[in-house]
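Next come two complexes built around subunit A: one with subunit B, the other with subunit C.
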Partner chain A sequence: MIKSGFQTLDEIATSLDLKIREPTDHPLDLYVTIPPNRLIEVIKELKAKYNVSHLSTIIVQDLQDEYKLLYPFSINLSGGKMGKLIIDSRVDANEPKIDSIVKEIPGAIYYEREVYDMMGIQFKNHPDLKRILTPDSLPRDIYPLRKNITSEEIRRRLAESRKEREAEEKLKEYIRREQLEYISEKSDYAIAIGPQHPSLEEPIRFIFQVEGETVKDVELRLGFNHRGLEKAFESRTYAKNLYLAERICGICSDAHQLCYVQAVEKCAKITNDIPERAQYIRTILAELERIHSHLLWYGVLAHNTGFDTIFQFTWRDREIIMDILEEISGNRVNYAMHAIGGVRRDISTEQVAKIIPKLKKLRKRIVEHQKMMMKETSFVVRQKGIAPLTREEALSFCAVGPNARSCGINVDIRRDDPYAAYDQFSLDVPIVTEGDIYSGLVIRLEESLAALDLAVEVLKTLPQGELRIKSPRRIPEGEGISRVEAPRGENIHFVQSNGTTKPERIKVRAPTLANMPSLKKRLIGIQVADIPPVVRVIDPCIGCMDRVTFVDSKTGKTMELSGEHLISRGNRAYRLGTRVLDF
Partner chain B sequence: MINSLTNSPWVGHINSGSCNGCDIEALALFSPRYDIERLGILLKGSPRHCDILLATGPVTNQTLPRLKRIYEQIPDPKFVIAIGNCANTGGVFQETWNTLDGIDKVIPVDVYIPGCPPRPEAIVDGVIKLIQKLRRDISSKDEEIKE
Partner chain C sequence: MTSTNIIFKLLSYSTIYFLIVTGFFIIFAGFPQIIIVLKYFLFPGIIFIILGALFYSWFERKIYARMQNRIGPPFMQPIYDILKLLVKEDITPDGVEMLEFNIIPPIQLTLTLLLAFFTPVYMAEGLISFEGDLFFLLFLLAVLAGSIFLVGWSSNNPYGLIGGSRAAIAELSLEIPLTLAFIGPAILAGSLQLSNIIQSGFNLIDIPLNVIFRPDAYNSLHLLYIIPLSIQFYIAVLSANAVLEKVPFDPAHAETEIVGGWNVELTGKKLMFSHLANLVLEFALAGIIAAIFLGGPGFWPLNSFTKGLFLIGQWDIFYYIINTLTFLLKTTVVIFFIAVNRTVLSRLRIDQLVQYFWRYYLPIIFLALLMIIYLIGVF
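This part shows the complex of A and B:
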């Protein structure tokens, strides 16, 4: 981390001559307003003077006559903390245009596309301003998050357009054509992977342009899983949204719920009143989830590289953590533990006594997995030096979480922007500098051990006290932005309340979207056989390699290859010695 | 033909926009604790190899054509199991703008497994119930023929 001598965000804002919108209660949050035409200039200054490179997301809100755009930048402050400087810029609703910042912040490429897609704001000089999340069948004049259109209206229009499309063309032919049109003249093959695959969090479609066995270019199609949750949040009460937030993702459900709860608490101005016991229980849940997610990750990585023994071992041992989570919350996935103002369930002394030995047993197992994986040369050689990302690239693409830490970026929201009870404990944040798949594995293994130790420590020091405070049903008008270190990295939620029981706007940015630009960079230049493990490295939940279609560009013939075929193809390539073993 | 299917049904899996909770529970079936393979049930990557489709998620507009296509690719006789509340009725995602509230709005469903997400045991139970139902159907048909 770059150490700077700047005390507070206020000082930085004053030195750049930025207008502070209003003072906040949180020393690590600061909102400043600037006119849209100054945006690029301010970002350039921030980059030059304060080494700012990380943009968390772009939040956009419809205020009827204008659009509010918020750019939360991370700034390293003295004392090892990381502040959020939130730039507020308004554009006129009649002419929604703003300069693109992709040149300054390459990681903003998907964020700008998302804003364009959802709100219809044009970004001047954006390299590839296309829709990103909405379905192909959505009529082009609909921008779903605008306030002048309701969910029912969009549903009705979508149903109409679906009928038209089905009448117009046979679906099968349509999809086949869609696959074929990706083949460019430069490459031999276009390989389309996805969107449907067993156990994929966000069904994604990759279109690889390959020459021989080398990937030359890759195009992503996101949004298969887009359910329109941000719109749905606006029509439900805060209490109902707790359960919707949890179901953004089934693997980091706790991280999303916690992040949502914290943002609402900031709006309600009760952040500092949360009971200590609740904070500790929140920490325990977050750490347990981290362990289960990391175990799942390296199990599937092993499966992707053909080392199925480890896959079975990790999934066997993952059940230990699932049992603990079930013991605490009553459910294996989607724990529903958090409430606005605290937590819903207690962890009793008997439960603590049961959990700690289980965690110790799991620790031994993880060390065992570690030894097995590190000793297996055929497994290690498929990862060392594959698809490396340099620190500078990771910084410019705004990488987060283990993906960033494996490239030598010392960032961890738990330590830099503390929430729950993390400021009470000293955190062990492993950093590796190589940036290849292997360092991603090392990071996750070390993190799961550190998370285990932390969970035991928190359980042992669990303080007595209340579980939750009463929260108002109507949340007073305000803005809350909250960050959580989910297993996959920085997760950010923004809540705008308007004094009623329902929020005005909720924005969610999950860590996988932040890691997409860097994944794209990693994929270029690798071998086809390495696609599964490289896609794994950012942890897009579970690998997406079970159904791959190869399209021969000359004959237009398609053949389907399953994940097993790909794995055996990869293993064969290695047996034949296409890569020199460097041990 | 159905008779031989009941001995070792091969299953495929499709996520039509779920939160992934049901999907990891479905994958956990193939891990050592639940080990559904001991019952002869194998997970297959390609729909062309499958007898039973395990479908999760509330069906988003973007996955809709894919869901239909994958269903069409499965050879007859084929059966569909909808896993989770949102695959059954839309669940918490009801009335969001981009979902269709359930698998059965698009393709016929034979077994519904509720739960958010259902436990792996519940999913095994659902598959077994389907198999038992098929066997009952077969045996009653056999009797009809004899009569």
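This part shows the complex of A and C:
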């Protein structure tokens, strides 16, 4: 990275002649306004002058007569920090069109498709502007996140379109066409992996064009888990959304809740008032979650390459960390620890005394796993040199998290854009430059050890004090954008508040979507046998990406279901086939 | 239909069938022919082989589980698996090659049972034994690999196609190392017949015993044979892992990549036949490797003593029991090694499998063979 002489985002903005929208309290956030026709030009300048290549997401908000598009770019500032330069560009609602930035930022390809799918904004010169998350049976004129359509109406139209005979025939025709693609002229044959496949824990679909054993091309299909969570956020209060946010994902539920809470705190302008003890407890939770996620990851990687012994061992030892999390929060997943203005539960001294020996025991086990995996040649030959991604490619595809760090990109949100109590501790960020599967494994192993040490350190230095401050029920009008380093990488939430108890717009971008373009690049040219480990290397969390929720789509309420009830529901779904989906 | 019901039905049907066949033989062929019927049907024939296969499949899964810190399956689990597959719906999907797809799974079971008939269980000769049967065994293995490829091809599924072609490639790679591994003991015995190899006493257990108990015929230098023989034994075990499609050499099966490979479209009875064929093959292959490298039934120098001790007429019951038990014990050892390989190693890609067999195992086994030839020259 070029160490520029510029100290702050304001200086960068003025040097590029950008109009600062309004000053913020946060030195690492800056909103600038530019007209849509200047967008490409500004991005080119940013790339040339400040080496900017990372676009976190594209946020769109429906303002009735116009659409507000926010492009949060990451800029490396002097002093090792990473600022967010958020470009605010507005397009007219009658003619929602804007230039595509895929040529400048190749990693934006799925973000733009998502925006098109959800808001119906046309991107000029986009290479492949199709819908990405919504089902095929959704009528073409519905753009779900627009304010002029309610979720009831979307559900009704979706159910109607499914009942239509014509649509059904169309769908069948579509499936038939897809089947025929298996014997295409592009390659010898095509293999479909997903939506249901033993190596995928969650539904996603890849269609691989294969010659012999080599993958020539790959098509992705997302959205099997899409339940319209961003729409659901808008109809609930901030307090209820806490629990919705952590149900975005089962593995990184804490990261999502923390990110949401921080974004809301930025809206309410109480970020600097959060008690220190709460900040420390947030850090502990985030680190514990990172450990259990990484343990899960390399266990499943071993399973994907047929090394079931490691899989069993890691999942056995993962129970230690799950017990600790249960001890702290009362739950194995969905910890519900965070609240707007602090945390909900305390960690007592007795608990600390219980947890630290357990963590030390786990550390020994992880070192053991490390030895077992690094020394087993038959395991290592499956990883080394497979599907390498160069640093330049990773930068251009906006890779995040361990996926980026395994390619030599020195980025960690905990250190570069500190949140919770991370600025009080020195962080050990492992970097590997090879970019293959093996370096991903090395990164995760070292990161889980570093996270363990950090968790112990934070537990030992836990300060006394308040747990939370009182937060207003009505969040004043404002916008907050927050990033956390989830186990899979940068996780970003955007909250627009409007002075009521309910948010105007919440945008979630989980790390998996950011890693998808680089995954596609990795997959081309590999062997069929390497598909599961290569897909695994970005740690795909499809639930996150598609934003699933367990809200009942009929009543719109979350329900408590007993085990028997769930079984009977499952049996009913099995008997009735797809009909149960329509309710 | 509960599982006990099915067991009852199966037992009653098989008993009736068995009574009819034996009755037929008693009436039309006379008493001595019944012995042959019993041999082929009961012990050490089909029933014994299938029960043994089920037992060893349980044993292997149990060891595999215990080494992974799991509890593992209950004793009856392999039988329940078979029964479950029997009651499952038997689907022949559209677009498959009807004839091959339906006929090959039973043929696989027949072939593996034929292979198992060569296994010496209670005496040096198996049910079938002739000069050159070692090569016939290898031929049967090649036919089995061909049948696997045909199933994969006929299932008209990309996964099946990949699995089938990988199985064929694996067979091409492992055939020569496996053959050369069997050749070593055959050179020492001077015969290509399984029973002669067993009776020669040149194996990993009998060489030390012979050196102790027959110092007149053998000297301590004979212990040097253990080095090349153990190399060949281990490569034979690794080849068995590849034949049985077990980790590390299971790219043809690879359930996390190609969802079971060639048998992805098999269901119900067809899958049961294919599954049972695999179990029988495991038993037969482990038995044959145990026979060639560990001496098969009995410890030969000790065997001759026990033969004198327990001689009871023509039938010699205790002698046969000891032989059977030692055979089962030695098979257990081979199965144990297969399970250990499966536990401590990770799955290789198909190109890595080919590389391992052609680039590493083949030269190693050649060196072992040369060492055996050299040692023969010395003594």
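We adopt the following convention: the second predicted complex is superposed on the first by the 516 of 583 C-alpha atoms of A that agree within 3 Å, B and C clash if a C-alpha of one lies under 4 Å from a C-alpha of the other, contacts with A are read in each partner's own complex, and residues count from 1 in each chain.
The rule we apply is simple: a residue touches a chain if its C-beta (ideal position, glycine included) is under 8 Å from a C-beta of that chain, and two chains touch if they have at least 3 such contacts.
Everything numeric in this text was worked out from a predicted model, so none of it was measured.
Once chain A of one complex is fitted onto chain A of the other, the partner contacts of A:250 are limited to subunit B, with no touch recorded for subunit C. In the superposition on chain A, A:312 makes contact with both subunit B and subunit C. Of the two partner chains, subunit B is the only one that A:231 touches; subunit C does not reach it. For subunit A, the partner touching the most residues, choosing from subunit B and subunit C, is B. Once the two complexes are overlaid on the shared chain, A:334 sits against subunit B while remaining clear of subunit C.
By the document's definition of touching, of the two partners only subunit C reaches A:532; subunit B does not.
By the touch criterion defined above, A:190 reaches subunit C but does not reach subunit B. Counting contacts as defined above, subunit A residues 197-199, 312, 316 meet subunit B in one complex and subunit C in the other.
Those residues of subunit B lying in contact with subunit A across their complex are 12-28, 31-33, 43-46, 48, 57-58, 60-70, 72, 86, 91-93, 95-99, 116-117, 119. Taken in their complex, subunit A has these residues touching subunit B: 134-138, 144, 151-152, 154-155, 158, 162, 171-172, 174-175, 195-201, 203, 223-229, 231-232, 235, 243-244, 247-251, 253, 296, 312, 315-316, 318-319, 332-334, 541-542, 546-547, 560, 562-564.
Per the touch definition, subunit A reaches subunit C in the complex via residues 182, 189-192, 197-199, 210, 213, 302-309, 312-313, 316, 376, 378-379, 381-382, 527-532.
If you check the complex, the residues on subunit C that touch subunit A are 67-70, 158-159, 161-162, 247-248, 250-251, 254-259, 343-352.
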